[in-house]
Each structure stands twice: as C-alpha cells, then as structure tokens.
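Below you'll find a set of structures to go through.
Same chain, two partners: chain A is paired with chain B first, then with chain C.
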Partner chain A sequence: MNLDESEKILPKNVFTKLKTKIAEYKLAGKKAETAVDKVVESYKKSRICPAESVGVIAAQSIGEPGTQMTLNTKHFAGVSEMNVTVGLPRIIEIFGARKEAETPSMNVYLKSPYNNSEKFIRQLSATILEVLLEDVTKEINVDLMNMQIEAKLDLEELRNLSVNFNTALAALKNGLKKCEITEDGDKIIIKPKSDIKIGDLFKLKVVASEILIEGIMGIKQVVPMKRNEEYVLVTAGSNLKEVLKIKEVDKERTITNDVYEVWKVLGIEAARTAIIEETLKTFNEQGLSVDVRHLMLVADVMTNDGQVMGIGRYGVSGQKTSVLARASFEVALKHLFSAAVHREVDELKGVVENVMINQQIPVGTGFYKLKMKEAKKQ
Partner chain B sequence: MAEEEKKENVESNAEVKEEEPTIDILSHSYVPKFEILPQEEVEKILKELKVDRLHLPKILMTDPVVKLLNAKVNDLLKITRKSYTAGTSIFYRVVVNV
Partner chain C sequence: MADVFFNGKIVGSVANPQEFVTKIKSQRRKGKLTSSLNIAYDEALDIVNVLTEEGRLRRPLIIVENGKSRLTPDVVEKIKKGEIKWSDLIKENIVEFMDAEEEENALIAFDESELTPEHTHLEIVKSAIYGSQASLIVFPEHNGAGRVTLGAKMLTQGQGVYATNYNLRLDSDVSVMHYPQKPIVDTIMYKNVNYEGHPVGQNIVIAVMTHEGYNMDDAIVINKHSVDMGIFRSTFFKPYNCEELRYAGGIRDVIEIPSKDTIGRRMDEDYTLLESDGVIYPEAKVGEGKVLIGKTSPPRFLSGMEEFRVGVEARHESSVAATHDDGIVDAVMITESEEGNKYINVRLRQPKNPELGDKFASRHGQKGVIGLMVPKADMPFTADGMVPDIIFSPHGIPSRMTVGQLIEIIAGKVGALGGRYVDGTAFTGEDEYDLRKELHKLGFRENGAETMYDGKTGRMLNVRIFVGDIYYMRLKYMVSNKYHMRTRGPVQLLTRQPTEGRAKEGGLRLGEMEKDVLVAHGASLLLKERFDSDKTVVPVCKKCGLIAMFNHYRNKGMCPVDGEDAPVTFLEMSYAFKLLLDELKSLCIYPKLNIKYKD
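Entry: the complex of A and B
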C-alpha cells in the first residue's frame, strides 16, 4: 500500500507522523510501502475490538481514581476569594448534567491589543460586573401609607462602582414599566400606576431590588489575572451569551465552566467538548490521570440524543429500551407495572437482561450468532 | 401585579432577542467544523456506515449551530472534530425535531 492510500485508513496524527518519518529516512518504493503496510497493520490491531464492553471499562477507569478524590473541599482560585467546586462533587455535577452549576465561573479572554492593557482590563471588569438595585441601596422600604416603595441609594457605593445616579433611574424606569419612578434627594420612589394590594407591593419590592442597574446579569465577581503574558478576567457567576456580545472579547477562547450553558449558547458539540475538558481538568487538578478516551465515550453517550443527558435515573439509565434493564437499576416494581400497562416487549438484547435470565451476554464472542447458509433451491 | 410585571419583562426581553444579531459561535474553539451533507452523499455515507438515519446521533432543530447553518429536519451534518487522540475525527449527526 502506498502512502496516499493509507491516508483514508489512518488517523490524521498517525498519518502525519508516518509521513514525516518516511521523509526523514528517505524511504522510497518498496521500502516505503512495507513501512506503510506495517503501520496500517499495527493500527488495525490497536483498535478496540467489536463487541468489547467499553462502557464497563470506562466506568472502572473513571471510578477508580474517583475514590482518590477529595470529597468535600472548596478550593480558592488564586489570591481572590473565589471558590470553585472541585474533586468528586464537581465530577458528579458534570456527569449528572445539573442545570445549575454550583459555582459557575467564566474565563474571559480578550482580543489582541486589549489583553495587555491593565487599564482596559480594569475598565472592562467594572462594566461587566452585575450591579443590582439592592447592591447600591442602603435600604429599600415599603411605605404603606402612600402605597409606594422607597429605595435609599448609597451614594458612596454608587461612586465605588462608578454608577451614575441617572443610570440607576433609567434602568428602573425601563425595568418597571407599570410604575412611576421619581427621585427625591438620594431616594428613588417607586409608585405603582394602578392600585394594588399590600401583598403585591411587597412582591414588587423583591422584583425591584433585583433590577439590573448596570453590567451583565449573573456576573457576581470579576477578578483580573495575568496568565501567560496576557490578562484574563476570571468571573464568579456566568453569562456566556452576553459576554460574547462584547466587542473586545475573544470569541474563540472565552468559555464558561457550566456545561448546560455551553449547550444552550454554543450547541451540543461544544457541550461535548466542555464535558471532556471540564472532567479532564478536574481529574488533572487532583493529580490523577484518566485516559481521555473514557471521558470521550461518556461525553458521546451524554450528548447522543442532541441534548445533554445525565448519567442516572432521569438520563441515560432511564432511557434504556429494555424493561428488565431499567427495573434492575432502580424501583423495579414501578418499571415492571408500567411496562405491563403499556404492553412493552423486551427483546433481551442487552447485557443486564441476559444476566437476569441466565443467558450468554452479548459481549465479546457472545455478541455473534451463527447463521445457516441455506442450500440453494433447484 | 408584580407577577404581571415579571411577565411583561420576559415578553419584552423576548422581543429584543429576535432583533439581536446572532453571535458568531462557529469560530469558537469548542465548536467543531460543521457541514451539511448534500443529498447524494448522504445515501453513500449511510450505506458505508451500514446504518439507518434513526441510529445516528442526533442534533436538535433548536441547536444554535443548526439555526446558524439553516439546516432542515433529516439533514445529515458532517462534523470534523479535533480529537485528542487521532488529530481529527469525523462524526455525523442527524437534525431532528425536539
């Protein structure tokens, strides 16, 4: 086989390596072909066999180092007091496909001229930091006499966060369209335009206190950090969609650690990458090494359906087609009853079912069946 | 009252969203290269892999990438992933309705 033919068979990494080696040793003609043949043969041998139980191997390979992980510690990233979930809780969070990460965090990278200017970094971190009404007020009172809400602004805090009084006013006007917003010294008075009940007034207070004055919703804390000759903003809280809209932000590298958010903003394939990257990072942080192939397999299974599905009751394990396999996982009776009601048929093609009925499992050589070749009819 | 307020907020936000320019997510390092396979190649690939559309991994119609590519239901997407082990690897997904 010559080199060009092998390109279709070999993975890119192996192929480029083979190509450079052939050039290095100046192999040509028959010798080159022998080399290619050997590499192709050896590659074919190294592939996993059909019907190998890769899932069980992956489970073992991830589970074993998992026992060595820290169970319940928070670690503080850098000098700042920003805590990030690490270790086993983090792995459980990723594989469980939780909708809300416990400690969402973003790495915001910047485009080339901006990522070296300390001044710009400071400016940007101020503009993306979430400022709610409650952050800039001393107190928010419900005035039952006049049926209105008084928010007493903290002028010092306003100055610290470099927020304009008028910005706050405008944000409130925009957010609460059914209320009349007036200013009275350092107070902002929110008065509903129509008559409302007292209970609703208290609800309105809660809504008003969470109105975004400035910044990006969800970014609770921003810390500039220097990483490899450039400044990176590390945030607590995450809002990938809004951050990516900022002009100076590097749209290729900026990323959140929240897999669910990655899926919603960047799509299912990006979510797969995120699952692999995040789990790999978590294991490496703890000084453990897991072969990336196992993580790739888990990520593939989790994203197979086009949505991020957890490994567990409501995810992959609950989706199995076999009744017996589902019943053996959890709450056997529930599954058996519902299968009976819906007249489900178990084809006994999986592993668990066949263990239960004491038959050969479809794994390895047990995967194949003999089929008779019918004699030709005359 | 307060709830109505909230509702209205949500609605007004939704209106804004449609007008917003979509972010260019295809250049993101987490997003691999996507291509819509032309019809004649689809049959070839399915034959080569010896599978039916049903058995291929799926991608939802609502996926941001599908929206950007303007793919339709039953389209086959060829995905060229960057692989840790193999350099690049090719993957297929079928567009499905939710």
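Entry: the complex of A and C
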C-alpha cells in the first residue's frame, strides 16, 4: 500500500506523523510501502471491536490504580505554603465535576520577551494578586452612634502591597454606590446614603470588607517559578477570564486546573481536554499509569451533551434512559415513582436492565442477534 | 494555675502543680495516703490527675533516689534469706506501683548500670517491659515488634488444655489437645503463670528448607508418620441443648420420640439413635441429620392447609446434628433450667487429626497452614537418620526478620540433645554464643546445619539444611470447621436465590464486581447462566402485561384484570425481577410488560 491510499484508512494525526517520518528517513518505493503497511496493520489491530464493553473496561482500568492511590494527601507545589489536592480526592473532585475546586490553581505563561524579565514578572505578580479591603485594614468597626462603618487602614500593609490610598478609596466608591465614602486621616468612613436597619449595617460591613481594592478577584497567592528557561506564574486561586485579558499573557498556554472554569471560559471541548489532562496528571504524579483512552472515554461521557456532568446520581448515572438502570443506582423509589407518573417505557436495551431480568446482555457475544422469519403454521 | 482532677472529676486547682505532685507522692511514700493512688502532672494540658480508680493497669518498679537504687545488696540478701517479703518491699518504699498516667512523669532506667540522678525508677527485671502474653515468647528481643505482637496474639489461639475440668464443661467450639508438652526453650514467665499446667503446643523437629514448592507462601510440609504417631492430635467439642418450654394456657413442649403424625417429622431412620426418653445415648455415632434430642411443641397457630389435617397436635422441634457435625456423643446431661424446665445438653465429640489446611504457628508470629503431608519414607533425612516433623520454608525468614525463631531452633536442639531446659527470657536468657558452643560440644555443627538426603532419591542434598527443635502450636482454626462447597441447595423463600453462609449450606456469591468482569469480557451467555439460580417461567397476560395464572387442567390462561380466557404467554425471567414487579404493584405502580418478539 502506498502512502496516498493509507490516507483513507488512517486518522489524520497518524497519517501526518507517518508522512513526516517517511520524509525524515527518506524512505521510498518498497521500503516506504512496507512502513505504510505495518502502520496500517498496527492501526487496524489497535481498534476496538464492535460490542466491546469499553465502559466497564475503562471503569476497571481507572478503578484498580485508584485503590493504590494515597488517600487524603496534600502536596506542596514548590516552596511556599501553597498546596494542591492530589491523589484520590482530586480524582473524585474531577469526575464528580464539582463547581468549586478545593485548591484551584493557575499556570500563567507569558509571551516572549516578558517571560524572561524578572522586573516585569515581579510587577505583574503584584498587579494580579487579589487585595481586599480586609487585607489592608487594621480593623473595620461598625459605628452605631452615627450609623456608619469605619475602616482603619493599615498603612504599612498598603505600602507592602504597593497600593495607593486613593485607589482604595476609588475602589470602595465604585463598589458601594449606595454609600457615601469619605476619608478621615488613615480612616475611611462608609455611610449609607439612605437610612438602614442595624442588621443591614452589619451585612454591609461584611460586603465592604470583601471589596476588591486591586488585582484580580480570586488570585490569593502568586509564586513566580522558573521552568525551562522562562518564568511562569503559579497561582493559588484562579480567575482565568480576567487573567486572559492581560495583554502580556500567553493565551495559548495559560491554564487553570479548575475544570468548571475552563468550561465556562473556553468552552466544552477545552473542558474535555482539561478533564483528560488533569486526571492523567494526577495518576502520573502517583506513579500510576492509566491508558489515556480510558480517560478520554470518561471525559467524552462527561461532556458529550455540551455541559460538564459529573459521574453520579446528579450527573451521568441520573441521565440514563432506562428506568430500571437508574433505579438500580441509588434512590430507587424516586426514579420508580417519577417513571410511573410520566408513563415511562423501559426498552430493556442496556446492560444493567438485562442483568436484572436475567436476559442476554447486549454486549460482547450477546450483541448480535439472529434474525429469521417464523415458519407459518399449517 | 493547674486544675486538679480526682478520678476524672474536677476538684480544684493548685498554683504550683509540680510541687503539689511531689508533695502527694511523698505523702504516699510515707504511708499517709494509700499506695494504690497515682498522681501525674500533664504539662501539655496543665492538669494534675489523681487516680485511685480500680481497673488501671499498674506495674511495680524499684524506686531510685539520686541515681541510686533503693533495692540495695543488703535488701537482696534479706530477701534471699526469706527475712522480708514482697509486701515489706512496698511498705518500706523500695518498690512502688506505677500506672500509665504516672509513668508519663517518670524516667525509668532499664538497667542499673545506666542510672543517673535524673532517673526516678528502675526496672525490676528487664523482661518486665513485655506484657503477660509477650513474655511467653522466647528471645523476643531478636524479633521485630510486629512479629512479637502477632506471636503474642497467636499464643492465645493455640490448642491445649483450656481448662482442666473440660470434661464437666459445655463450652461451644473448643478443642483439647491430646499430648501437650511444655516447651524445651522457655522464659521465667512460664513458671510464674503455671504455664506448664496447661501448655498449648509440642516440641517438634523442624528443617528449614523448601520441599517441591509445597511449603511456598507460608505453608508447611508435615511428616505423615508424625501425624500417625499422634502429633498435634486433638478433640473438638460441640454442645447441643434443648429446653422443655412451658407456654401460656398450660401447654408445654415434650421431650420424646416424636410420633408419626408430627408436622415436619424427619425420616424414621433419623430417630433410630434416640432412647425411650427421647434423648440420644452416650457414645452413639451420629452424622448429618441425625436427631440428638427429640422434642415436640404445640402448634403456634393453625393456618392454611394445616387446619384441614386431622389430628394435628404437635410440631417437630428436635435438635438435629448440623451438616458438618458428624461425631460421637461424648456426654448427655439432663438437668433443670433456671425456670425449672427440663433441660438437656448433649455434647458432641469429634477427633481432629492434623490435615491439609490446618493452621500452625511458632511463637514468633510465623503462622502457616499444612500444604502437604509426606510419608516418612519420602521425607528428607539427616546423616543420623533423623527425619524432621515439619519442613518450614526459608522464604518466610528474610522479610520478617524473626531471628528469635532461628535462635530458638538452635536452643531447642541444645536442649533436646543435652537433656535440659533452656532459658530464653528476653534480654537475660542464655547467650547465643554459649548455646552454639554447647551444640558443637554435643557433636553437631555449631550453626545447626546438617547434611541431609533426599527421601525419594536417596541422594545427598547439595546444601546443608538448618535443623533443630522448636515449640510449635496448632491453632484453633481447622479446615474441617471452615470448608464449604455447594452445587445445588437451599434457597431463600422470598427471592428464591441461594441462602448465605456455611451453616445454611449457602451459595458462593458472584458479586457486583465479579459480574462486571464477565461484562468486560463480553461473555454475555456465561453471565446469564451464572445468574440463572432464581430462574422462573411466569405466565403473563398479553393484553394487560401483568403476571397471570395458567390452569394446566383446563389448559387455559386466566388474568386478574382480563379475567378468564385471557391470552397468556410464558416468559422466562429471574424470580427477583418477578418480585420487583410485585413490589411495584404494592406501591401502586403498574408495571406493564409490553410483549413482542425479540428483534
């Protein structure tokens, strides 16, 4: 078989790789054909047969290494106290598609030449770091006599974080439109424009203390790290949307470990890739090897209807079409009652249902049926 | 200010806890406070604990003052002469009892030579750091802590004479060993706890070598001849009991041979061993299903078909020997229960010879089951013609590092050849070097290795084998009480699935994960066949899709919804699924089966 013929059989990725390799080794004629034949044969062998139970095999292939994983380990990423969830809790977090990751983190890559300028890196670190009002105040008091809130600023902390007093003032004015903001020495006084109840004043205090003064919301910590001849900013906390707005940031490589955020910012395909990459990384960190195709299958199942769904009662398992399959997995009665109310029909086409009623399961050898006409009765 | 707790209840606080503790201690030593009081200051919690409660574990220690032991040579001399006793030592503040709490504040010297002014106490004997069970392990200081722990645990599981009046007792599932021996290598604890009165093992000859792979993975190979000669032989006892209960209305159970019209009566054959009083006779050989005590009860309530039976007066309630309980009736005891009812006990006896799968262990946490029984002729033998009782695999040694066991083998060999007992007490036992020298003097290699010959070929083995004597225990776990298999058997009434557990002759469950394996292999027909245990064929109405009935006499279907002559077809399904359909109906859910041909 020559190269052009193989294009119809091989997937694009494999074909281009083969093409470059043949060019690289300058293969021609018989030699090139043998190479193509071997690749095609190997590709055909590696394909999954129809009716193979890939789902169960994927589950077992992920589940078995899962038993060897360390439970409840936090691992420290680098020097600082920044820690990342790893091991089984992290796997559960990803497959469960939790909206709030336990330890969100970003790797912010920069465009050349910024990625080698230490000065710029330090400056950028400072600008993206989240600074809330409570971070720069000594104390925030509720003044019941005058029905106002007094925030006493910590000038030293302001200088450390290189935040201007006026920026703080402006941020507060912007954030609390319904209040009058005045300054009094090192104090900022927040007074509601209209009369409010005492309870609301205390609520206002909580709101005010979480007003963003400077930086990007959610970035709790920034650590520059040298990786392969360039600096990368590793952050605790994540805000992909805002970070990508920064001009110097390399938008192609910058990534967060929060799958939900990837979905919201970059879309469902990116979320699928993120699930694969994150789980693979977690397994590899523990020295376990899981074939990426199993993870790809799981990621496909989790993302195939345009939203990230967890594996579980509220996700994939709850979406099954068969009533019996759903009922066999947690809260049986709920599904049975709702099925009765909606007059659902179970086609009995899945594996679980057929195990239940003790019929041949439509998988493997049971997938194929013999069709024939019944002889007419005489 | 530190809070003071007396037996766990707060009683006040003191300004200077350290001083307070010292004061109380000195008062106790003066005899002004009870000697069973212990006091400790917990620095981390800033709490003083004073304890006089019962149930604390306490141990005696020699008091040390200014780096000097209070147990002076003079005192020792007096003890030797018998002038002072243990109680005098406590009275004179030479020895005091420590509990776990007070021990936290103490600095206890292990040996007199390491005493410094900081020390507060001194161990009486070095081996006292071990508990009562671990003290029965020889040379434990040469083993890892984990192995000592396991060894101590297994010492409690060894078969021996558990109580000398076992003949009068009715304990369930106990064994009594026929020829227990006291160990050749022992510790000082053996005399103190009168271990020799009830030992749990035997001294046997061990060879550390492999034997055709039959002692891999902790198995042991045992000499068939030794078994025939009575090594580790024991008897297993199992009691059955039966009470003649009284019920309201003056009716009561009767212990008798049940008459032929009793409901649930067994075959005539099963009652042959009963005597006229309805109880079996001693020394009767029984097997599965034989009745030991015949008893009839009045019917609890009459219902269903029983109502129409004539002359129903009694139900069968006899004690029947269980599936695996074939044996000999050892004793029959007839007595009265607390309520004054007739109470009968029958004790079954089963001889248990060591067999393939029985569990054995040395005192060093080295446990294993019998993997092979070899006839004496095929066993390897030494140049002297000595044949070992047990062949133990050397692979069990390096990873577990039970060096104590190796020393015990040498010590046992010295003891057996020299005709004496060897002291293996922790830290103070006989020296390994001396034992080796003694073994050499007895005409053997000092390392215990001997030239051996293959029993089958007669050829000399290329390596020398470590042979010696060791104390081995037969543990209470025996295959004959564990093994279980089933082809067909009883099913549960509700689900028609096999029962669970050995006692009920249950099935071996093919669980969820095992099912997944068959699914992953795509072996769909095998899976179906494996789950066929509750297969049923049910008539289903084609019209309404509910479970119907079929009258085989009239060859006609009948449906609860569509009435007579409903179109009925037969479906094959698992009974559990039929049960699910029934349960859905009880929830007012209509599970309609749409019937069509398979496509």
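Rule of thumb we're sticking to: the second predicted complex is superposed on the first by the 338 of 378 C-alpha atoms of A that agree within 3 Å, B and C clash if a C-alpha of one lies under 4 Å from a C-alpha of the other, contacts with A are read in each partner's own complex, and residues count from 1 in each chain.
Going forward, a residue touches a chain if its C-beta (ideal position, glycine included) is under 8 Å from a C-beta of that chain, and two chains touch if they have at least 3 such contacts.
Here the structure is a predicted model, which means the values were calculated and not measured.
Chemist: Looking at A:Val355 after the superposition, I want to know if it touches chain B, chain C, both of them or none. Which is it: first, second, both, neither?
Modeler: A:Val355: touches chain C, not chain B.
Chemist: I'd like to know which partner A:Val363 touches here: chain B for first, chain C for second, both or neither.
Modeler: Only chain C is touched by A:Val363; chain B is not.
Chemist: Check whether A:Asn166 is in contact with chain B, with chain C, with both or with neither, and answer first, second, both or neither.
Modeler: So A:Asn166 meets neither chain B nor chain C here.
Chemist: Regarding the shared-chain residue A:Asn228, is it in contact with chain B (first), chain C (second), both, or neither?
Modeler: neither
Chemist: Quick one: chain B or chain C, who's touching more of chain A?
Modeler: The partner that reaches more residues of chain A in the superposed model: B.
Chemist: For A:Gly306, select first, second, both or neither according to whether it touches chain B, chain C, the two together, or no partner.
Modeler: It touches chain B, and chain C stays clear.
Chemist: Does the superposition put A:Asn146 against chain B (first), chain C (second), both, or neither?
Modeler: A:Asn146: touches no partner chain.
Chemist: Between chain B (first) and chain C (second), which does A:Gly267 come into contact with in this model arrangement: first, second, both, or neither?
Modeler: A:Gly267: touches chain B, not chain C.
Chemist: In their complex, what parts of chain A are in touch with chain B?
Modeler: It is residues 11-16, 175-179, 192, 194, 196-197, 200-201, 203-204, 206-207, 241, 244-245, 251-253, 255, 262, 264-270, 273-274, 276-277, 292-293, 296, 300, 303-307 of chain A that touch chain B.
Chemist: Could you please specify the touching residues of chain B with respect to chain A in the complex?
Modeler: Those residues of chain B that touch chain A are 1-6, 8-9, 12, 20, 23-25, 27-32, 34, 57-60, 63-66, 79, 81, 83-89, 93, 96.
Chemist: Mind pulling up the chain A residues that touch chain C in the complex?
Modeler: For chain A paired with chain C, touching residues are 51-53, 56-57, 59-60, 333, 336-337, 339-340, 345, 351, 355-367, 369, 371, 374.
Chemist: Hey, which residues of chain C end up touching chain A in the complex?
Modeler: 515-517, 519-525, 527-528, 531-532, 534-535, 572-574, 576-577, 580, 584, 587-590, 594, 597-599
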